[in-house]
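Read from first to last, the chains carry the letters A, B, C, D and E; within each, the first residue is number 1.
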Amino acid sequence: MNFFLSIIFSFIAVMVVVLIPWIGVGALDLRVLFGIVIPYAAMATFFVGIIIRVIDWGRSPVPFRIPTTAGQEWSFPWIKRNRIDNPKGLGGVIVRMLFEVLTFRSLFRNTRLEYRRTQGVPKVDYEWEKWLWLAAILFHYSFLVIFLRHFRFFTEPVPGFVTLLQNLDGFMQMGAAPFNGFGLPGVYLTDMLLMAAVTWLLLRRVLYSQMRYISLPADYFPLFLILGLGFTGMLMRYLFRVDVTKVKELAIGLFKFSPTAPEGIGVIFYIHLFILCVLIAYFPFSKLMHLAGVFLSPTRNLANNNRFVRHVNPWNYPVATHTYEEYEDEFRDHMIEAGLPVEKGADATAETEEKE
Amino acid sequence: MYDGGKIIIGLIIGLGLLLSPFFYNAGKAAKAPDPELTQKAKEAKVCVAPTTYMRESHFTLLDEWRHTVVRDGERYYTSDDGKKYYKGLQTTCLDCHSNYSKFCELCHNYVDVDPYCWDCHILPEEKK
Amino acid sequence: MADTPKPEETAKIDHRAPLFEEGWMNKPAELKPGIYCYGSKPKNLEYVGMPYPKEWNPTDEDWQLPENWKEIIQEGFKDRLDRFRTLKLFMDICVRCGACADKCHFFIGSGDPKNMPVLRAELLRSVYRKNFTTGGKILGPFGGGRELTEEVLKEWWYYLYQCTECRRCSLFCPYGIDTAEVTILGRELTNLLGLNTDWIAAPVANCYRTGNHLGIQPHAYKDMLEFFTDEIEDITGIRMEQDFNRKGAEILFITPSGDVFADPGTYTAMGYMMLFHYLKSMGLDITWSTYASEGGNFGYFTSHEMAKRLNAKMYAEAKRLGVKWILGGECGHMWRVLNQYMDTFNGPADFLEEPVSPITGTKFENAKTTKMTHIVEFTADLIKHNKLKLDPSRNDHLKVTFHDSCNPARGMGFFEEPRYVIKNVCNHFYEMPPETIREQTFCCGSGAGLNAGEDMELRMRGGLPRANAVRYVHEKHGVNMLSCICAIDRAVFPDLMRYWVPEVDVTGVHEMVANALVFEGEKKRTTDLRGEPLPGMEDEEDV
Amino acid sequence: MMGVDRREFLKITGYAALFGLGGKAAMDIFAPGELEASMQGPPLTEGKRWAMVIDMGKCLEQQAKGKDGCKACTEACHRVHNVPDWGNPKHAIKWIWQDKYEHAFPDQPNPFMTESVRHQPVILLCNHCFNPPCVRVCPTKATFKRESDGIVMMDMHRCIGCRFCMAACPYGSRSFNWGNPRKAPKDLNPDYPTNRDYPERSKGVVEKCNFCAELIAKGELPACVQECDKIGAHALTFGDLNDPESNVRTLLQEHYTIRRKPELGTEPNIFYII
Amino acid sequence: MLDRALKGSQGYWGWLIFLLVLMGIGLGCWLYQFFEGLKITGMSRDVSWGLYIGQLTYFVGVAASGVMVVLPYYLHDYKAFGKITILGEFLAVSSIVMCLLFVFVDLGNPVRIMNVILYPTPNSILFWDMIVLNVYMLLNIIIGWNVLAAERKGIHYQKWIKVLIYISIPWAFSIHTVTAFLYAGLPGRHYWLTSIMAARFLSSAFCAGPALLILLCLIVKRVTNFDPGKEQIRTLAGIVTYAMLINVFFFLLELFTAFYSQIPGHMHPIVFLFKGLEGVGNLAPWMWAAAVFAVLSLVLLVVPSTRRNEGTLAVACAVLIAATWIDKGLGLIVAGFTPNPFDTVTQYWPTTPEVLITIGVLATGFFVLTVLYKVAVSIKEEAAA
């Protein structure tokens, strides 16, 4: 499986995902299936899948406390300790996790190897690598904002924070753009940031030889899916409009458990919805579970307090050891000869030898 | 399960946020809006474009109008059926749809859209 | 043993993977001489009761696997998934963002793409997907799954024993995936089939039997320290006493046996002895043990269970001798195990007391339950309280830099104490570039049981990033001494320096402490512990 | 306009609709070409270079009739265009207004002019320059000269409020909305907005006289001219400068006229008969 | 490298927090302005640009002055400046950040700022100003960052950087020239309608910018372990001296043209500035203070002993900055609008929120500057350590 095959496979898979609702709704008018049944099924898969997965992780214990210590530990009062990178208690762990989850702190450290050779002498340098961090953080935050903005379709009345978020996101009034209607309704910055960030995340997998080497179809597939999701969403907003009141009717019907699939919503909406359904149904079975996993990572969510708080391993079992008695039995004579203290006298050796 | 308490609390918080639309909407009557036509609109029967198009893309049309009027000086619009209209949000659209609060606003509120048209353009005075 | 290529040859590294290639899944590992260590000898496995001992050579076509080896792996894998949340999680959540890829010293030094931490873990992950996940079962390679074949097993063995478990990759991972943990558990799996390297298996057997990995028997151990006593007397004119296996002592001292038997660690051992002697009159009551004569835990490179079996000696000996607490020497993986595992493995050590420095009265609160204190902590505390008379100018011939050994660094967070001590005992101290020290420190390239002779090329490659940083300060500040607090470092750095940065020597911190330590009634020192003349000191005599 | 032609763009949308992407097709609404249609208005819509001639004599005559002079044109204009009164000269918005002769033509007066002449009110408005500096400096083409008839227009949807045009205009004809017109003091603007058929402006945009482009399009004269005619003063004449037979050309031939600051080369299209 | 900015002394963090507070206050005032409109400023129909655009003009000059260390080093191979080019480049970056923010806060419709890009208008100088400023900022970020990174790694920077450096030199002149063209090409604004406007801008930039750089170098020397160097400061002082002489000379040229020709339109703005017109003379004390500062700075700079003494040099630089700031950051814009097209005078004075927004923007610029300097100085310290 080389990278080329991986990309083609993932791309075709996403194309199929696009075609299914296109045919399903566009040609066969299966609105109930694509507007109600599949979304419910996908949501159920998503929630149940996540719960099962997380509980499955939880069923395995954390036998040892192995935090990565990225800063000075707690020792003497006169040595400045790093409370966040080497936490000794819950507070530090929480702050560390918050930094990790909210600012992608570990990724922020990222460096890029620069390897040179001058007259046979190697030189290794490290350049600060910020693009992955930047793309990652832009992508995740844009996705979050876009998701929350969609609450205007999920809730009635629409909560104030959603309106505020929309206003902030649409702050740049790019309305009345040179293309007719393209800027109307308001252009959201997160739309463009998301697409740019995901595009970069995809491109780097193709452009960097190391990334190309390690990437699997499972890496390209979600990227293509999210690109497709964003692309159809933007198309729907800026180009092939649909009747948003009907969209909301459908969406809110789902959330109120009185689903309807109103007539007259453009196929593009069903494509968008189906991609989303595939994405969330795929979620629990994929690497996307890092969303939940990051909170459970023992190298990050544990304090470095082993030396002063005992960690208990639930499956700790007794093991065979080489006891001092066995040791002394083997070396007693030498020890006595060398003047080393022994537990038993020289005759003890003879005794054991006799027994054997 | 190990650390079950923490994990379950985490799950509840995390999934609770994702499930919040279910809780938020539960027990609420979230009726889709039903915009009301004025007498004048009813009599006119047709708008400048078919209803579906107007529902989906009236702002595109308005933007098109705005642009051609201001920049190209083209003041008149011919509809599908050959009728000519003076391009004007206030003078044409709102003349017919003079019931902003029962027409435009219903859907705008429903899908939380707050167009900045009304920063400058004047809403019709409605008889209460 | 393969010939180790010249540095100029080794330096020709291409970090770019080929554009069109079949992909790593179908590319079997090619075992290159100089990169791998010899297979484990049966007697060493037998001694500690490990399964499937056999005489084998990794280059053999047939690895003499048991009939049901796949089942064993499958069962072992499942068992570990159920016992280690880390493994389960790390198998599931990697997104292959590539942040770890160029952080591994072996990848930097070799350019072998399978040395990227992500891919090293993927070797296991692919099998995990195939055998434990629905997607992998159905989609096969398209789901990232791969059949466990003999080829794959060989690849595992080859690459799992090319990881020093230094955790540098885990620092950069956005989810804290610790490839070392994957390696450790992967090695456990290979051990289920009797596949280990002899450079790990033999020390394990030795440690088990004699208490230390070199297999030094008690009388030889004592002899060695006596030899040091003579040496010290030559240099300082002071004769110090030996103290072994003494019941009722207050403190038990455990250090890696490398310090006792291999230069330049021996000088560090002499350093400990001199320090203890210095403090004796101030109330230090300490004893060495021949039974627990190894700090380093080679079992940790085999399996958690073996680590526990070897580690048990420490508390057992402390209990037997009835000491109050344990003092640990300068060691790398010893401290990783002590910090992260010991109390969990073999605790609670309720027969010991919370460590208190008998000299300063300082309570080592951070060692409250393990009851084991690091000698560098201990010394830093002494210096802070002005308990040591030091003459740092005796180290003026040294321009020192400090290597943060990965285990105390990323497994403990032990950064400031050694620096504090070094800065108090020598006048010329220079840091290596920030990207290569402290939590970002680079491994020596030979940890986790790799410092054999037959894998010299691998070691020189793995040590390249560290050597490169040393060269930087060597060229810039004329640094000629690389200090460290790890016995493996002290054992392997001389080779590494000779290879990449000649003219830089290696030392432990307590060697420098002892050099600077001014004894009452000692004779004028004209040489350091190594017998090398102290510049300026001869002249003083003339005045 | 950038690259894509607006109608082309609509066409793209239309094709998309053909494939059913946009739900109900938009295609059948806008068959290309039909959009071209525009209503043929009266001849007034066909001017090529609109201009105004202000007969100061007639104006002053009318001014003399009222106790406070005559402000009919200003009032009419500002009423029609919803221009608020801020009550603060610093924030004033002026489309057409009066100022003293010495201020309107600062380079004309001499020290020996009588006080009354110097202080004579002059009608001022945007000159709709043939060579407008304000258009030259605008970074967004929010102000532009209409090629069809030479009117210097403002695109209120595009103005970013940088006020470069105000610095560039040598005639002080441009006003900036320092605040939201709807928040202008209520006591000064009791019945604001005064014309419900014309929009207001948002805060932060520049505005000015637009020669009543919206009225011209309907074949009507600008509001100020209409008003002046209505009160019988006939001081303002609006017409096409490009038409040699036009009313304005006739006036220019018959009278000596001046323009404001002609030395700047802006070629104003407002002429004053003095 | 940015991680160096995350580790600092208490003083460093204290200063950053202080700046953040100012930024917060500025942001608050800007929000007030955003919702109320620009009527909360002192600007008016007649004086429609004020403090904001004045600061834009001034800091474009500071940004352009970065070339005064870059040019001698790269074109004349004046080695000593190699040590401080990065300080000049990072000063340029933070100055441009301020410039762009000053334009932003001056806009009546900031939400439409993208229109400048959506509707590119080559005939507008403002459009070009946007381009030259942004490109100059990018150039300086790329050059500064890469050269610094190379220094950290102890290697020579990449060849393509050299190309950018050569581009950046004329580009620096272009940013201030284009900014001068914003004003110099407007009909009917006599004070601005002068062909030596760009020359005046450059001369004032090349004295005020390096003067600020000297002060920054002295501060860096004080609070860090990095010493920008005696020779460097001495050479900079020489540059400042010549540039200030030329600056004053150019101003005197303007005075001559205006007052010998006796053309009222040319005289009035200057009279307004120094004496007042139609009873409005609120700028006169400032302008006279500027004149005194200018003379004082020239005396201190021309006399070799005071120029070489770091204490008096610092005083000279400070008063020079004050003099040029009053001239360019305050007087130039207001006088351009005064008298107005109707030959009348409207008084302008910034309001409190306007001043606070200005301070907020300055604080943002200095925040960026502090962070960039922290990175640069840390790397320099590491390289020297």
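Please note the rule applied: a contact is a pair of C-beta atoms (placed from the backbone, for glycine too) under 8 Å apart; a residue touches a chain by one contact, two chains touch by 3 or more.
Not measured: the values here are computed from a predicted model.
Colleague: What is the set of chains touching both chain A and chain C?
Modeller: Where chain A and chain C share a partner, that partner set is E.
Colleague: Can you check which chain pair, A-E or C-E, has more C-beta pairs in contact?
Modeller: A-E
Colleague: If every chain is reduced to the average of its C-alpha atoms, which one ends up farthest from chain A?
Modeller: Most remote chain from chain A, centroid-wise, comes out as D.
Colleague: What chain sits nearest the middle when you go by CA atom centres?
Modeller: Centre-most chain by C-alpha means: A.
Colleague: Give the label of the chain whose average Cα location is farthest from that of chain C.
Modeller: Chain centre farthest from chain C's centre: D.
Colleague: In whole angstrom, how far does the Cα centroid of chain B sit from the Cα centroid of chain C?
Modeller: Computed from C-alpha means, the inter-chain centre distance equals 68 Å.
Colleague: Between chain A and chain B, what is the separation of their C-alpha centroids in Å?
Modeller: That gives a centre separation of 37 Å.
Colleague: In whole angstrom, what separates the CA-based centres of chain B and chain D?
Modeller: About 33 Å, centre to centre.
Colleague: Express in whole angstrom the distance between the two chain centres, defined as the mean CA positions of chain B and chain E.
Modeller: Once rounded, the distance between the two centres reads 48 Å.
Colleague: For chain C, write out the residues touching at least two other chains, lowest number first.
Modeller: 85, 433
Colleague: At least two partner chains per residue is the criterion; list those residues in chain B.
Modeller: Answer for chain B, listing residues that touch two or more other chains: 2, 52, 56-57, 64, 66-67, 116.
Colleague: Got the chain D residues that touch at least 2 other chains?
Modeller: 2, 6, 10, 22-24, 157-158, 202, in rising order.
Colleague: Provide the residue numbers of chain A that touch chain B in the complex, in ascending order.
Modeller: Contact set of chain A toward chain B: 47, 50-51, 54-55, 57-62, 151-159, 162-163, 166-167, 173, 175-176, 180-181, 184-185, 241-246, 248-249, 252, 255-256, 262, 264, 266, 292, 295-296, 314.
Colleague: Which of the residues in chain C end up touching chain A in this complex?
Modeller: Residue list for chain C touching chain A: 7-8, 11-13, 15-26, 49, 81-89, 92-99, 101-103, 108, 113, 116, 118-119, 122, 133-135, 139, 141-144, 167, 170-178, 181, 208-211, 217-219, 222-223, 244-247, 290-291, 304-305, 308-309, 312-313, 316-317, 320, 338-341, 343-345, 347-348, 362, 365-370, 372, 377, 380-381, 384, 409-417, 420, 433, 435-436, 439-440, 464-465, 468-469.
Colleague: In their shared complex, at which residues does chain E touch chain D?
Modeller: Residue positions touching the partner: 36-39, 43-46, 48-49, 103, 106-110, 112-113, 115-116, 118-119, 121, 123-127, 130, 182-183, 185-189, 336-337, 340-344, 346.
Colleague: Taking the touch rule as given, give the residues of chain A at its contact with chain E in the complex, in rising order.
Modeller: Residues 108-109, 114, 116, 123, 125, 127-128, 130, 171-174, 177-178.
Colleague: Provide the residue numbers of chain D that touch chain E in the complex, in ascending order.
Modeller: Counting only chain D, the residues touching chain E are 2, 89-92, 99, 102-104, 106, 133, 136-142, 158-164, 166-172, 175-180, 202-206, 261, 264-266.
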